[in-house]
Each structure stands twice: as C-alpha cells, then as structure tokens.
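See the structures that follow.
In the two assemblies presented below, chain A is common to both, partnered first by chain B and then by chain C.
Presenting the complex of A and B:
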C-alpha cells in the first residue's frame, strides 16, 4: 500500500519537475546541426582513434597513444592519491561519528561530515582553484574532501549496524572499550568497509577523469579538447578508456567481494 | 599446550588469501607511487605565491561584499540584505531548477531500472527459471546484453554525458536531465537485477511449477517482493542525483552550477561561495527527504 503510494507520488513529482523546467518533447529532437553532429559522432564509435585525427600534427608531438597512456596514468594516480587521503581522514571521522562515541563528540563530527559531503567535488575544485591555483594537489584535495565525508558517513553506519556480540563478549571478560573495539567490532565490519572503500575508488577514478574539464591533465581534459576540435574518433578512444578502466576495477572488486563479504 | 603456543597456532591457521594480499600490495604500491612518483607534488602547496594567493582569497575575494571595509562596511543587516538579494536573483531559480532536474531524471532512471531489472537478472533469464540451473544461449544473451548496457551507461560520468548531449540537443534542461537519467539508469538497472537475484527462490520455483511464464512471475512475484528494496536504492540514488545536478549547470544549463560559473567569470567569489552554500543546504535537505522516505518504507513491512 505504502509502496503504491510512493510510486504514484514519484510519478507526480516527475511530472511536476517536467512542467517546472518548462521542457517540451520538441526540444528532444536535435537541432539540424545537432542531428548531423550526432550522426557523425555515433558513426565514429566503431573506429576509435589510435592516432591523431588532426590533419596537421606538429613534428615533435608525442604519439597519440602515449598521450592517452599518460592521461590514463594521471587519472588513476590522482584518484589513488585522493582515495588514500580520504581513507586517512574519513576512517577516524567515521569512528568518531559512530554510536560508540559520546553524543557531544559524535554530533559535531556528524555535522562536519555532512558539510564535507554536501558540496560536490567539482565545486570544491572551483573554490580551491581560486584559493590555491592550479596544481595537482588541488585536484587531489578537491576529490578528497567530499570523499572523506562519504567514507566517514558510511563507515560510521557500518560500525553501528555490525553485530555487537563479539564486542560485548570481550567487554564482559574485562577488555577495555578500545581493545574490545579493535578485537571484536572492527574485524566484523572491516570486509564491508573495505568493499565500500574499493567501490569509492571506482567513483574517484570517474571524478578524477571529469576534473580534466577544469584543466587538470586527466582524461576529461583531452576528451573536451578532442570534442571541441570535432575529432569524434578521438573522443571515442577516451570514452572507451574510461569504460575499460571501470570494467577492470569492477571485475577486481567483484572478485574481492565474493571472497570476503558473505 | 600453553596459551601463547595456542595463539601462535591459531595465528598460523588464519585464513590467508593470495588474491587479497596481492591486491592490497598492488593498491599500496599505486598509492605510494602517486604521492612520491612526482605526479602529485605536496611541496607545491607551500610556495610563497600560493600562500599569498590564499591570503588574498580569504582576506578579500571570499569576504562577503557588504562586510568589506572598502565598500562602506555595512553590518549584519547589510549582510542579510545581500544574502536575500542573491537568493532572490539567482539562488531561488538555481535551487528550484537543480531540484527539478534531479527529480525528473531519477524518475526516468527509476522507470528504466524497474523495466530492465528482471531482464538483466541471471535467475529469471534461464531455459527453465528457478527449476533447473541449465543455461541456454538465447536467454543468457538477453541478460548479458542488458548487463553490458547497464555497465556502459554507468561507466561514463554524468558530466561527460551532459557535455556530449548538450552539443546535440542545445541549451535546454534536457541534456542535464538525460545525462543524470542515463548514468543512474545504468546503476539502478544493475541494483534492480541484484535485488531480483537475491529474492527467495522457493516461492518463485513454486509459481513456475504451476506453469507461470516469465512475465507472469515478474508481475505477480518479482515486482511485489522486490519493490521495497528497490525503492530504498532509488531514494539513495536520488540524494546523489541532487548533488550531481548542482554541478551540471556549469556546462550552461540553468541549475546552481550555472550561476556559480557566472559568478566566477565576474570574479565575484563571495557570491560564488554563497551559491555553493545554497547548494549544500539543498543537498542536505534532499538527504533528509531521502532518509524520511526510506524510514517510512522500512516501517511498512
């Protein structure tokens, strides 16, 4: 009954949003130029570029594929740096935000977590670019702030939901709260926490790729440039690279998950 | 056997896994290389130029206009008036559009996920679902293709989808809506398929034994049984949609991001930060709505 109500309410919301945005189905038909562009773009899907598509390439320009590999490398490394920083900040915040900690500590920490999370990494990037200027570290920090918040939130929830049997047994035999936590609660929650952190790594890779739109040397930078130069085959190379990267990460995380998360 | 020996024994017998160990070593190596391989330079942050930049940003650029001494130095009242003005002129439009984009796109994505979840599930797409584990090529290829579509939709980030769609469709809200819808359709399709696969098998096998077809099983059992779980995922994705929708405006669609970029172009960083704050409040509100909805749904059981 409730579910049915929710479904109807959602449809009404969608319709209201449609009207509020002033959308018409007419706008869904591409403009004449757009249609041609879409045709050319989709036509290029079968032939991703393995070399520069431009007619003129400076003599000393590095090979296209080596540029591609460099972009892939930067994308991965920015994501890895950001994710390690997020784990470093997010894990203690997650512990402090869990129900194990007295409310006068927990509540302010939760507010901090919510604030970090509620601003998108691209907006953090805009602010940090203004405050710090362009630097690889700007990109890493921009990703790390909201990702730390998200990790902290999920970690604290996982700790709160983990079965406390082992924890209480250890407390009963005289272990200090810290000992009981390290021996009885953390090991119970760790596989889920690890699996979630790995999933967030996949998200960090996507965010790192998109940050290229703001001038960082990741995949997004080259994708934008290729598209603006109408080099659609190159665009497809970039798209396929992202999809491949995500597929590999997903295969990897699925294998880890199958072994360690019941 | 002493306690110490026993502990030692237990420690030696602990489960060890090569794949996990290898993965952890590899990940650690990548992280170390990222920080120390010269790609991310920590020292860059501490240059004098950057310190000056930072001081200027917080001392002047980020300071709300009415509080800056040079321009008259109004008090709290002036500050409130400025906040109100930015809200009326930009914030309200941006927040409204952002929320509407997120709402419409998540409904579209949810519908796609709902329709394709049974088709992408490995349990229903068999020769004789729930009764024998035998695979057959045709049904298997159906589930595999729907899964592949889901991965492809999801792997490309929203921002890139929006960028590409904007060139084709022109500057309406559609590119943002469709970009969010497409990416989340991929996610919800997969989560929906997992939900279907995790349903208890016995009642479904019973239905099949009574001669129910795949679509009959889907309508009479899969949807009613799985809907609750699916809606939990749906509301969880709604939160992230609102977050993403704030940003897509940066490409030129009227959501908060549009006004953020515009403020940056005019070097109005105080206004930019205020708009980001409006966005943060919207995201927190969406989190709260989603939390309320999920709680309400859980209690229904």
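Presenting the complex of A and C:
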C-alpha cells in the first residue's frame, strides 16, 4: 500500500516536470535540412574514416590513423593520471569519512567530499582553465577533484556496510581500532573498493575524452573538430575508439576481478 | 600465569568462580544468557550491576581507570582467546593472515601491518605449528573462504592459540557444524586446553557433548544458574528443568 503510494507520487512528480517544462513533440521542429544531415550522420556509421575526409590535407600532416592512436594514448594518459591522483586523495578521505571515525572528524570530511563531487568535472574545467590556464595538469585536476569525492563517498559507504565481525573479534584481542581496521575491515571491503575504482577509471576515460572539447589533446578535441567540419565518417571513427577503449577496459577489469576476487 | 575468573551478580544473581586451568561448559537453551556471560568474562561487555573479576581485578574499573589501567585491560584481552560462533574471520584473506592477526593486540601498528602483508620466518613457523595442532596445516596459504565451516572454526581456534592465551573462551563454537564434526571440534578444544593448561570456558547447546568432555558443567536458564557441578552428578530432573519449555519463553530466541 505504502509502496504503491510512493510509486504514484513519483509518477505525478515526473508528469509535473514535463508540464512545467511545457514539453511536447510539437516542439521538435527539424531545422531546414536537419533531417538530411542526421541521415548523413547515421549513414556514415557504417563507414568510419581511416583517412582524412577533408579535400585538402597539408603535405606534412601526419597520417590520420597515427593521429588517432596519439589521441587514444593521450585520452588514456589523462584518465590514468587523474585516476591515480583521485585514489591518492579519495582513499584517505573515504577512510576518514567512514562511521568508524569520530564525528568531529567524519562530519567535516563528509562536507568536503560533498563539495568536491557536487560540481561536475566539466564545470571544474571551466573554473580551472580560467584560473590555471591551458595545461595538461589543469585537465587532470579538473577530473581528479570530483572523482576523489565520489571515490571517497563510495569507499566510506562500502566500509560502513562491510561485516564487522572480524573487526570486533580483533578489537576483542586487544588490537587498537586502527589495527583492527587494517586487519579485519579494510580487507573485507577491499575487493569491492577495487572493483569500484576500476569502474571509475572507465568513467575517467570518458571524461578525459570529453575534456578535449576544451582543447586538451584527447579524443574529444578531434571529435569536435571533425563534427564542426561535417566530417561525419571521422566522427564515427572517434566514437568507435571511445567504445573500443571502454570495452577493452571492461574486459580487463573482469579479468582482474576473476583473478583477485573470485 | 593463568586466568581465574570470578563473576558475581551477573545476569540474574550469578555467582561463579572459575579456577585457573579449569575446563568448563556452559549449557542451556537459546536466550539463557550464555553469550552474555562469555562476553562479560572476555571483557567485551560489562555487567550493569555486580562485578566481573579476572585475576582479582575488576575489568570495568580498568576501562574507567587511568591510561595505565586501560593498557592493562588491552593486555588482558590480548591474552584471552575468543572463538566466535560465526568464526569472525576475514573470508578473502589467506588462513595465515587471519591467524597472524591474533597477535595484533600485542604488537605495535607497524609490526602488526608487516606481519599481515608478509609474515616473518618466526611468525610463519609458529602459524604452521598452531595450524598443524588444529589439524589444518596444509591449508596455511589457502583463501579462508575456500575452507569448510568446520575448518574455518579451526582457523579461528588457531588464531586464538596464536595469541599465546592463558584462557580460551568459545561461544557456541560448533553451532554451525554437523554433529560428527562438532564432536571432533569440542574434543580438540578440550585436548588443546588441557595440554597447555588453559582455562577453557565453552558454551554449548548440546548437553551430551558437554557431559562427555567437561569435568564441570554450568546450566543457565533465563539468566540464572540452574546447576553447577560435575556432569555425571546431574539428575534427570535438573536436565528437564534446563530445557523445559514453559509458556512465556516459547518463541524467544
């Protein structure tokens, strides 16, 4: 009964949002030639570019595929650097934000975590570009701030939800809280923490790619350029590369999980 | 050095003295207060009224006392092995790591951490010895959750022995083990305790096992002691009184 009411209430809220925004299919008026463009774009999906689509390419331009590989590498590097920084910052914050820590430490830490992760990495990038200028470190920090926050939040939740029987048993043998934590709680939560960190690495790869829109030399930079030049076959090449990257990471993480968790 | 326990007015007017090196089984139905009694003896719980003394010292006073007294409480706990009903092991660590953790309370942070990551030769040899004593020496480097329930309970016993305990407390150690393995586990606990001269207090659901292996039985029911003495002297009427179901405690866990 209660659950039914909640469901109805949620539906009403959703409907209210639609009405408030005045959403209707009538608003979807295609721009002149827009549908044709969309058709061209979709049609290009079957023929991703393996070479420049432009009619004129400078003599000394590097081969398209070598540019693509360099972009792929840069995308991965930005993600790896950002993720390492996030683990470095997010892990201690996550430990300090867990319920085992006294409230006078835990609560300020949780506020800090909330602040870090409530601003999206693209917004951090806007702010940091203005403050620090265009450097690779700017992009890395922009990703690392919200990612540290999310890692910290989820890590502390995983630690809070892990069974505490071993922790309490070690406390019973005279171990200090920190010793009991390291020997009886952290190892319990560690596999889930590792799996989550790996999932976040996939997210970092996507973010790193998108940050290219701001001019960082990741896939997004080339994707935006190809799109603006209406080189849709090139756009699909970039999209496929992101998909491929995420799939490879997914496979890799599954492989690691089989080895260490199961 | 050996532990001797003296608990008074615990639960419901319990006055219990346990001598050093004594082998004692606490029996009684679920909810009788067996776990509470054991936790009070271990210093994990303090009686609301009355006192629990170990070697003549009140544990609750130590907790409230000076820094030095709290250190004493910690030292006391570090020499008190406790085998939990649910093993209380870390399932995804290796057996050796779970056993080595038994001595954390006697070590500094750094030494404890190092022994967990890479136990030195002394630790390794000793862990192997205690594992062999409980019959699972071959499992030293296995992941703990690949072991059966009975084997995991043996790991828990090994962890307690690795503490160099002066007393061993076991709360329903065979609750989740089949009868044949349960008997072997109780036999092992009693044999090890007698061998090293440990004080052993085990709570058991199964009166038969208690009578078979323990010279002294304490029967608990609804927080009170029904009998305290040798199992052979136990009259049938006392056994009946222990497990008798009457209206109001049916359905209580």
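Just so it is clear, the second predicted complex is superposed on the first by the 251 of 262 C-alpha atoms of A that agree within 3 Å, B and C clash if a C-alpha of one lies under 4 Å from a C-alpha of the other, contacts with A are read in each partner's own complex, and residues count from 1 in each chain.
To be clear about the criterion, a residue touches a chain if its C-beta (ideal position, glycine included) is under 8 Å from a C-beta of that chain, and two chains touch if they have at least 3 such contacts.
These numbers come from a predicted model, not from an experiment.
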{"item": "Fit or clash between chain C and chain B when superposed on chain A", "value": "clash"}
{"item": "Partner chain(s) touched by A:1 [first = chain B, second = chain C, both, neither]", "value": "first"}
{"item": "Partner chain in contact with A:102 - chain B first, chain C second, else both or neither", "value": "neither"}
{"item": "Touching partner for A:122 - first (chain B), second (chain C), both, neither", "value": "first"}
{"item": "Touching partner for A:170 - first (chain B), second (chain C), both, neither", "value": "second"}
{"item": "Which of chain B and chain C A:58 touches, first, second, both or neither", "value": "neither"}
{"item": "Partner chain in contact with A:32 - chain B first, chain C second, else both or neither", "value": "neither"}
{"item": "Touched partner set for A:188, first chain B, second chain C, both or neither", "value": "second"}
{"item": "Shared chain A contacts, counted only where both chain B and chain C touch the same residue", "value": "none"}
{"item": "Residues of chain C touching chain A in the complex", "value": "42, 44, 74-82, 84, 86-93, 97-98, 101-107, 109, 112-113, 116, 163"}
{"item": "Chain A residues within the chain C interface of the complex", "value": "165-166, 168-170, 172-176, 178-180, 182-184, 187-188, 190-191, 261"}
{"item": "Residue numbers on chain A that touch chain B, as the complex places them", "value": "1-3, 6, 10-11, 13-14, 16-18, 20-23, 27-28, 30-31, 34-35, 37-38, 41, 73-74, 76-78, 80-81, 83-84, 114-115, 117-120, 122-123, 126-127, 130-133, 135-137, 140, 206-207, 209-210, 213, 220, 223-224, 227, 235, 239, 242-243, 246-247, 250, 252, 255-256, 259-260"}
{"item": "Footprint of chain A on chain B - complex, ascending", "value": "17, 19-20, 23, 27, 30-31, 33-35, 37, 39-42, 44-45, 49-50, 53-54, 57-58, 61-62, 96-97, 99-101, 103-104, 107-108, 110, 151-152, 154-157, 159-160, 163-164, 167-170, 172-174, 177, 227-228, 231, 243-244, 246-247, 250, 257, 260-261, 264, 269, 272-273, 276, 279-281, 283-284, 287, 293, 296-297, 300"}
